[in-house]
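The two complexes that follow have subunit A in common; it is paired with subunit B in the first and with subunit C in the second.
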Partner chain A sequence: MQASRARLFKEYKEVQREKSADPDIQLVCDDSNIFKWTALIKGPSETPFEGGVFQLAFSVPEQYPLQPPQVRFLTKIFHPNVHFKTGEICLDILKNAWSPAWTLQSVCRAIIALMAHPEPDSPLNCDSGNLLRSGDIRGYQSMARMYTRLAAMPKKG
Partner chain B sequence: MQNQEEHVEESETEKMTSTQPSEVDDWANFRDDDIMQQQSAIQAEEAEKIPFVGDKEPLSSLADEYRSGSPILLEKIKVLTDQYAAIRRTRGDGNCFFRSFMFAYLEHIMESQDEAEVDRIKANVEQCRMTLQSLGYAEFTFEDFFALFLEQLESVIQGSEASISLDELIQRSRDQSVSDYVVMFFRFVTSGEIRKRSEFFEPFILGLTNASVEQFCKSAVEPMGEESDHVHITALSDALGVPIRVVYLDRSSCDNGSVSVNHHDFIPVSNNLPCASNGGTEATNPFITLLYRPGHYDILYPK
Partner chain C sequence: MGSEDDVGNLIDVDSGDDDYDDGNSDIPMSSMNSDEEYDFITKDPADIDLLTSQRTQKDYTILKDEDIRRRQEDDIKKVASVLSVSRGAAIILLRRYNWRVSTVHEEWFADEEKVRNAVGLQENPPILQISPDEDVSCGICFESYSFPAGIRAAACGHPFCRTCWRGYICTAVNDGPGCLMLKCPDPSCNAAIGKDMIEDLVAPEYKEKYCRYLVRSYIEDSRNIKWCPAPECECAVEFVVGSGSSDVICSCSYGFCWKCSEEAHRPVDCDMVAEWILKNNAESENTNWILSYTKPCPKCKRPIEKNNGCMHMTCRTPCGFEFCWLCLGSWFEHGRRTGTCNDFRTEEERKFDESERREMARKSLVRYTHYYERWAANQSSREKARRDLHHMQAVQLVKLSEIQCQPETQLKFISDAWLQIVECRRVLKWTYAYGYYLPENEDTKRRFFEYLQGQAETGLERLHMCVEKELNTYLEAAEPSNDFNDFRAKLTCLTGVTRNYFDNLVRAIENDLADVDSVGACSETSSKIADGSSNQ
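Right, the complex of A and B next:
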């Protein structure tokens, strides 16, 4: 508990110091609980998520950093490796490939990379995975873009 | 096959709720959480069977295990009994090599009170720290693990306020908050060494998996619970400058019917030449001996 708190505090300081280093990620710690974080990440360019801003929720276990944080999308996203209803993310580093060498910030980077490079062979969203696996890139992109517009872009007017 | 209408419905409900950011604090229906819980339940069950580091047992306990098993193994255990007196088991949680190394090394320092060795390994640890820095690891990701190892190293040297007894060393090795941190320290050190000398390790890694050096370190060295292979042992031995003997207990036998037990010594390639030139046999005689049975490492004690 003490170790995880100390580590998170170091990450907090690092995030403050490097605020401008990664303009695609805005990582914020809950005011009253250092084990709860949220992040706003920008959809990577040249993907159907471009122009969208996606909110992630982090819940950090007491065993951190020996155990990974739990992360999920709060913003609706149509992506093979994100559960359409719960926002759960299928990413190896959040499970068995986790190591303390990762940080909350680098997890955000990995999630952005996953958005740009979906893995349709381990889908949490089968509809999305099936579109990609059947080669319907256009279908996948238009669905993903539609949800980006509906859920991840500020409403005009 | 789910149809598209469902998505359209979803999107409509989404439109209505998306103005107010969802207040989903319900981690209970988070499936990853379930998986993690199940995994830790399994680990807890395993933990009941054997602590991270067990008690020292006479080698006869090993023979008991194979009483109705392979005659070759029983024959080999008999051969081992000539040279070795005892075994200390470690938990088979994928960290057994690092955990065995941790305990065997700290116990050796405690018994030998070899301060020259402590100074030597501290210099190597410092080297490892610089290696990780130069590889681009953020210091705050590994410094806690380094600090905890150095703390254990200090505490096995007697005569200071921080000194601990053998019993306490055993207790700490069974305490997850110490034991897992030291294991993780070794994982960082191993990964740093492999990456630093990637051109040396690459062919061995290609022989094990199809992964690049980088992928191998990320998926098979740094994560807790990933089992160790000769690549890990070589890298750790080299990085810390500690020779390791591994005795192999398997069913292989010689054609001529005689039974012998193979061992392999991992002798660190020395970075500092002066040490190598005066080292001779003294430096290359491992004080750490591990017993390898396919898939698992325990600690062996010579007579």
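Right, the complex of A and C next:
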């Protein structure tokens, strides 16, 4: 508990110090609980998520960083490896390939990379996975873009 | 529920008329002699396995924990010295190639660089060159530590503090055998973390856990060694592939089939066993009721609980009705026919008279139930016999020795009887699976099979009842019984007779009932031998 708190505090200070280091990621610690974080990540360019801003919720276990944080999308996203309803993410580094050398910041980076390079063979969103596996790239992209516009872009007017 | 049938009555049962009454004996008459009886036991391969102390020829070796660790240690030393690498590196290499020393040598000398890269034993200079007394930041907790006091790194040089290393390794060890393939915590680094580093960093309990995984992998990666499947047993068995029988008896006395790991199932083959188990699972809803341990007495309808191993039931007073647990028929009716109630059709006819079972309309289910019930009853009877055997050896033997003034060494015939029962229940159990799969149109074979099975079953029930019920008389006696030697002779003889019946049955099934002609061989002999015993 003390070790995880100390480590999170270091990450917090690092985030404060390097605020503009990665313009695609904005990590915010909960005001009252250092084990709860949210992040705003920008959809990577040249993907159907470009132009969208996606919110992630982090729940950090007491064994952190020996155990991975739990992360899910709060913003709706149409992606094979993200559960459409719950926002749960299927990503190896959040499970068996976790290393304690990862940080919340690097997890965000890995999620951005996953958005650009979906893994249709381990789908949490079958509709999305099937489109990709059947080679219907355009179908996948238009669906994903539609949901990006609906859910991840600031409403105008 | 104990009943005291006298020998004569039981043996008469067998001399009744039967269908195959014309053969010659292939059982040596000398087996009536109790001294040669023991001699006979030691020569029979099945019994050599049965009586583990007398095992002479084996196709397998039982490995105890210390044997496994010693062999593993030898292999590690061999690889470490031939390749001139550390013990830790040798373990990583052996693990990678399933503990096959020769493969490690071949691969290594063919392309050392490739092997090193594959397992994370690169010889590159460390990524981080740390000079002594320099402050280094740990890659996990991000705190600064002075080197080398607080910081450690694998060959790659990625620095982590001792506390974080400990946490990293312990987490991996708790997560399971994956800890044997542990890598540097840096996500981009492939460097292997070996046993040497782990032993240096964590508490003894984790070291021991790691070592247990290491021992387990030695067995589980190997093609010719398997764990004994008995739940409490920690032995492994090394099998000489290509040797005859695949039945293995572990030193814990559990017998299993090397090929399919199911409990030993001679004389039926692995495929039939697998099919039978699958069938039982599929039918489990229909068959659960079969396994209940109470049935109504067929005469007075009071519930009777089965707590003995043999199938001969005696209702409580005043009813006292004696019946067969399996078919619920009168035990004496039973005896007048050849064998017991193993023959399916006779029972089927009877069953259809009973209104309580009429709802089992589907004929196939009735047929399956017949065989399943007998299979399961023999299974539980076998378990009971095993418990009785242990109880006898642990408790009763001493008592009996005192009461009857017999040295314990001279009471071995009782253990032999129990061992024979345990083995026979096993064989009998599987012959019911065999009977189920025996094509219904193979009439001659079926008659032959049911005849042999019936003979064997009758013999076994007699033996089981003798040791289960008659023995009590001698255990409860106030002083040495005059007829104890008669009991010894009778039980010894019944053991031998039963073994011969089962040998015939096993041989016939393993021959796929090809020798239908040699029928009858056993029937006449058995009554002779049985009569012999009753006259002694």
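Following the convention adopted for this analysis, the second predicted complex is superposed on the first by the 157 of 157 C-alpha atoms of A that agree within 3 Å, B and C clash if a C-alpha of one lies under 4 Å from a C-alpha of the other, contacts with A are read in each partner's own complex, and residues count from 1 in each chain.
By our rule, contacts are C-beta pairs under 8 Å (C-beta built on N, C-alpha and C of every residue); 3 or more make two chains touch, one makes a residue touch a chain.
Here the structure is a predicted model, which is why all the values come from computation and not from measurement.
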Clash or fit: how do subunit B and subunit C relate after the overlay on subunit A?
clash
Between subunit B (first) and subunit C (second), which does A:57 come into contact with in this model arrangement: first, second, both, or neither?
first
Look at A:100 in the shared chain and tell me whether it touches subunit B only, subunit C only, both, or neither; answer first, second, both or neither.
both
With the two structures laid over each other on chain A, which partner does A:133 touch: subunit B (first), subunit C (second), both, or neither?
neither
Which partner does A:66 reach: the first (subunit B), the second (subunit C), both, or neither?
both
Contacts for A:88 in the overlay, against subunit B (first) and subunit C (second): which applies, first, second, both or neither?
first
Is it subunit B or subunit C that touches the larger share of residues in subunit A?
B
Look at A:76 in the shared chain and tell me whether it touches subunit B only, subunit C only, both, or neither; answer first, second, both or neither.
first
Where does A:146 make contact in the superposed view: on subunit B (first), on subunit C (second), on both, or on neither?
first
Is A:6 contacted by the first partner subunit B, the second partner subunit C, both or neither?
both
Colliding region between subunit C and subunit B, picked from 4-12, 112-120, 274-282 or 292-300 after the shared-chain fit:
292-300
Contact residues of subunit A, present in both the subunit B and the subunit C interface:
3, 6-7, 10-11, 14, 65-67, 96-97, 99-102
In the complex, go through subunit A and note every residue touching subunit B.
3, 6-7, 10-11, 14, 55, 57, 59, 65-67, 70, 72, 74, 76, 78, 83-84, 86-88, 92, 94-103, 126-127, 130, 143, 146-147, 150-151, 155
Quick one: in the complex, what on subunit B touches subunit A?
1-2, 7, 10-11, 14-15, 18-19, 21-22, 24, 27, 29-33, 35-36, 137-138, 140-142, 144-145, 177, 180-181, 184, 187-188, 191, 218-219, 222-225
Subunit C residues within the subunit A interface of the complex:
139-143, 158, 163-164, 167-168, 171, 178, 185-187
Of all residues in subunit A, those that touch subunit C in their complex
3, 6-7, 10-11, 14, 63, 65-67, 93, 96-97, 99-102, 106
